[in-house]
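Here come two complexes built around chain A, the first alongside chain B, the second alongside chain C.
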Partner chain A sequence: MANKSVWSDNRFWQRTATWVTGFASVLLIWLTFDTSAQIAMGNDQDLQNKVTKRVPGPTVINYKITYEMSAKRGLEVPIIGGNDGKGNSLFQVKEKFFGRDDYSEDEARALLHLGKLGEQAKNCMDCHTLLGNGAYYAPDLTKAWLDPAWGPNGAMQALTGKNTREEAMAEFLQHPGQYPTHARMMPNLGITAKEAKGLVAFLKQMSSIDTNGFPRNFGKIKGAVNGK
Partner chain B sequence: MASNHLTGIGSESKQLATWYFTFAAILFGAQLLFGLVAAIQYVMPGFLYGILDFSIARIIHINALVVWMVFAMFGSVYWLLPDETGIETVGIKIGKLLFWIFALAIVIVVLVFLFIQVGPASDTTIWFITEGREYIEAPRWADWGIVVVALGFVGNLFLTGMKGKQTGIVTVLMADMIAFAGLYLAGMFFTDNISVDQYWWWWVIHLWVEATWEVFVGAIAAYGLIKMIGAHRQVVEMWLWIEVAMLFGSGILGLGHHYFWIGTPEYWWEIGALFSALEPLPLVAMFVHVLYDWGKTQGAEMAKEHTDEYQAKSVITNKPAFTWFVLNAFGNFLGAGVWGFFHTLPQVNLYTHGTQFTAAHGHLAFFGAYATILVGMFYIAVQGTNGIKVLKSTKLSIWSTSLITGGMLVMTVALTIAGYVQVLVSRAQMGATWAGYFDGQSGVWFAQAMDWRLIAGVVVFTGFILLAIDLLTTGKNPVHKR
Partner chain C sequence: MFEAFTDVNPSFFGWLNQGPMTLTIFLHTVIILPMIWIYYQEKKRLENEN
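Entry: the complex of A and B
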């Protein structure tokens, strides 16, 4: 069929499909290498050297973490150990976590590991979202560590009778059935004191991840759309 | 062909397909039941609290979903292979053995989900109870079982494709199924880094539903068009290759729409927005393709008979299956294309990410793109196993199709409204905190939407019961032409 147009030729479209797929795949793999390097977890050295990582190392639990507007990026970013006034982390201000702010790299890593295992073993993501992924039956946990509810004037410290965020959270996680905040309650998942500590470390570390400004206006409740 | 007492058609591959379809249909029912439990819990939070918590109901709902679809997909391939290649599937005995291993593994996994539910924070839990990662919670031992079964399946497919006639449809399926199976490996490792975890998790979820599964649907739709209305293979396969190019061309990098907020760099905003915004295009193409081919073959038939459209005989040889295929073409476009596009730009997704809006899209997309066409394949198998020339619609098939589809549409609208409330109240106004979340959830509009979702769910389940009855009985119904 000499006069048949290439546009109705199956071989032509088969080749097009192969090339397009190959090209897209190669690009994705290349981007994956770049992204993997950028989201690799940092370590204690980075924090000491004041290097901002998208995913900070486990010893970030020794520091105070906040979530503040960066004028340069036009979105909220995690601030570790104090703000230099321009939306960059100072890595100076420490904060006690279960009474200590000197967790070694190994200790902090072990806590985080336990916490991440716990997050999966208890199926947290089948009620909650983490980084916005998961189920929608319960609040997002991306920045739960920073939620005003667990802070000094929040409802949860009073409810659990604890004086710090981490202790209030750990207490709640072990006996959620005892501290109902709404008709919809978190079930008891058999979380031990040790596991709770790991889970809270995991939540604190997660709140330090640079999520490009998600969620927006977190913890800035003013009853208005723009909570700057 | 020698006749076979179970299928009446003498093909072991088709017999195995009916096993896969049967198990898939049972799991579909289980999926709906546990969805109902979860939906009741939204309305009455105390329901089964401490016995079968929401998390467990949801795990079974979405895992049964994924597994029944995988089963029905394997079944579809075993069904069409003899037709396409002209030979019996190679290694079918092993295929049958693997079916039983697969089915047994699934039963064990479900029982463990139901009765053990959670474990201590240890590797043992990850290996034997739950991996705790949405859609692919199955513990690690089962992952390896699935890998073995998938390898056997891909082996059957490749050996048969290479030995028999290798049509365009078979070629596409061979390439597609190996990618489908291979991607599962991306979900089988543990990391402490939640960003890395989610990065690879999306490789499984997104590259399944928005790349490999869509291409699978393209191939099945092509097969169905040839089978059910006698569409021209040359034309159908040309469309198929174009669809593959468009689907993979947009879907692979469209993966970026899940990398806006999980710790990954900002460049994914542009990449994800651009490529995922193109994803609806092939879905439009697929819709046009199905209707165009239908109109064309019907038109040719009318010209042949010199009649108008009211008198010419229909070219469709399987009415219920074809109805589901057309619903697929439309549902894919609406659920994945339109509802997907709604929230795929980062400016919108910043607020809709992880809300009921996502659930609205998830429901209509999974239903429209996959449930529909796979139910269509069930009907093709009913027709084949009973040696029916023209399978007609029955009252039951019409009622079940309408109830299921209508119910899913109402459910989607309800979830969309709920998502809207959540976006405005919990997100934009209240900034996504614990208090903000519950403010949104307790709003009247939200609560009403949850009631409607439950009602819609009951309608869908009723439709499913009718569907099951129709699938079991229509084969013996004398109205069909034999």
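Entry: the complex of A and C
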């Protein structure tokens, strides 16, 4: 009998498939647990102890959040409470959110929960993208809080007649029909003042999440990164 | 080829994702090298059977 090729031998392919499937299963189970730990939300203690978490605790809404280029990582990172000059958060500079910068962990958590429920009830993802999920019909909301359009020099504060980022955003959310800012106008979703506050808190906390520079095109908006 | 580890939290998967070569080398090490090993084992077995 002629020599049988290994490539047409069943046992070779069976052993290879067993090895690859087994190894990939172990790797993916490990990856699942590793990811769970990476994306677990921090708490107020972390912020007070100046611990950088990928997803900061709810009380991050008490702090000033900026988006700055990290030379070390080669991408933009959210900076919480001021920059130490090396691209790390200082967790010191506070910023008033609807007139307060002393939200307790429970208050902030309740606000974010309300925002999350609102985001789900109003189906924001029908048009917008949040953290990579949703549609691209309307602007990406992942870093919406940091968009200079809502800032002191942006158009939205003048348009809505409000003096702060959060008030301008809340006003827009309640009466989007009055502020036609986009060819694809946002519909009036009947968002109440309380819901709008929760939604803005939700957006502010989301902007503080370290998304490894995603969405990549956000940095191209004038004024979005390092205030430039 | 290898870049400095710069992710927020140190992690094995963060290390794997640092550059284009790191994942490639890792997967070749754990998939292709054992396949070569299995190949020669099976070749030897077939030769012995003949």
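Keep in mind that, in the parts below, the second predicted complex is superposed on the first by the 192 of 228 C-alpha atoms of A that agree within 3 Å, B and C clash if a C-alpha of one lies under 4 Å from a C-alpha of the other, contacts with A are read in each partner's own complex, and residues count from 1 in each chain.
One rule holds in what follows: contacts are C-beta pairs under 8 Å (C-beta built on N, C-alpha and C of every residue); 3 or more make two chains touch, one makes a residue touch a chain.
Keep in mind that what you see is a predicted model, and the values were worked out from it rather than measured.
Of the two partner chains, chain B is the only one touched by A:G190; chain C is not. By the touch criterion defined above, A:K72 lies against chain C but remains apart from chain B after alignment on the C-alpha atoms of chain A. Legend: residue contacts after superposition of the two complexes on their common chain; A:A158 is shown touching neither chain B nor chain C.
Which of chain B and chain C touches more residues of chain A: that partner is B. Touch criterion met: A:V6 reaches chain C, while chain B stays clear of it. By the touch criterion defined above, A:T16 lies against chain B and chain C together after alignment on the C-alpha atoms of chain A. By the touch criterion defined above, A:D210 reaches both chain B and chain C. In the overlay built on the shared chain, the residue A:Q38 is in contact with chain B and with chain C. Of the two partner chains placed by superposition, chain B and chain C are both touched by A:R54. Looking at chain A, you'll find residues 9, 16, 20, 31, 34-35, 38, 54, 210, 212 touch chain B in one structure and chain C in the other.
Against chain A, in their complex, chain B makes its touches with residues 38, 41-42, 45-46, 49-50, 53-56, 58-59, 117-123, 125-126, 129-134, 137, 168, 171, 190-199, 201, 234, 237-238, 241-242, 244-245, 248-249, 252-253, 255, 258-269, 271, 350-351, 353-356, 358-359, 427-438, 441-442. Interface of chain A with chain B (complex): residues 8-10, 13-14, 16-17, 20-21, 24-25, 27-28, 31-32, 34-36, 38-41, 54-55, 58, 109, 112-127, 129-140, 142-144, 147-149, 177, 181-185, 187-190, 192, 195, 198-199, 202, 206, 209-221, 223-225, 227.
Partner chain A is touched in their complex by these residues of chain C: 4, 6-9, 11-13, 30-31, 34-35, 38-39, 42-43, 45-47, 50.
Within the complex, the chain A residues that touch chain C are 1, 3-4, 6, 9, 11-12, 15-16, 19-20, 23, 30-31, 34-35, 38, 52-54, 70, 72-74, 210, 212.
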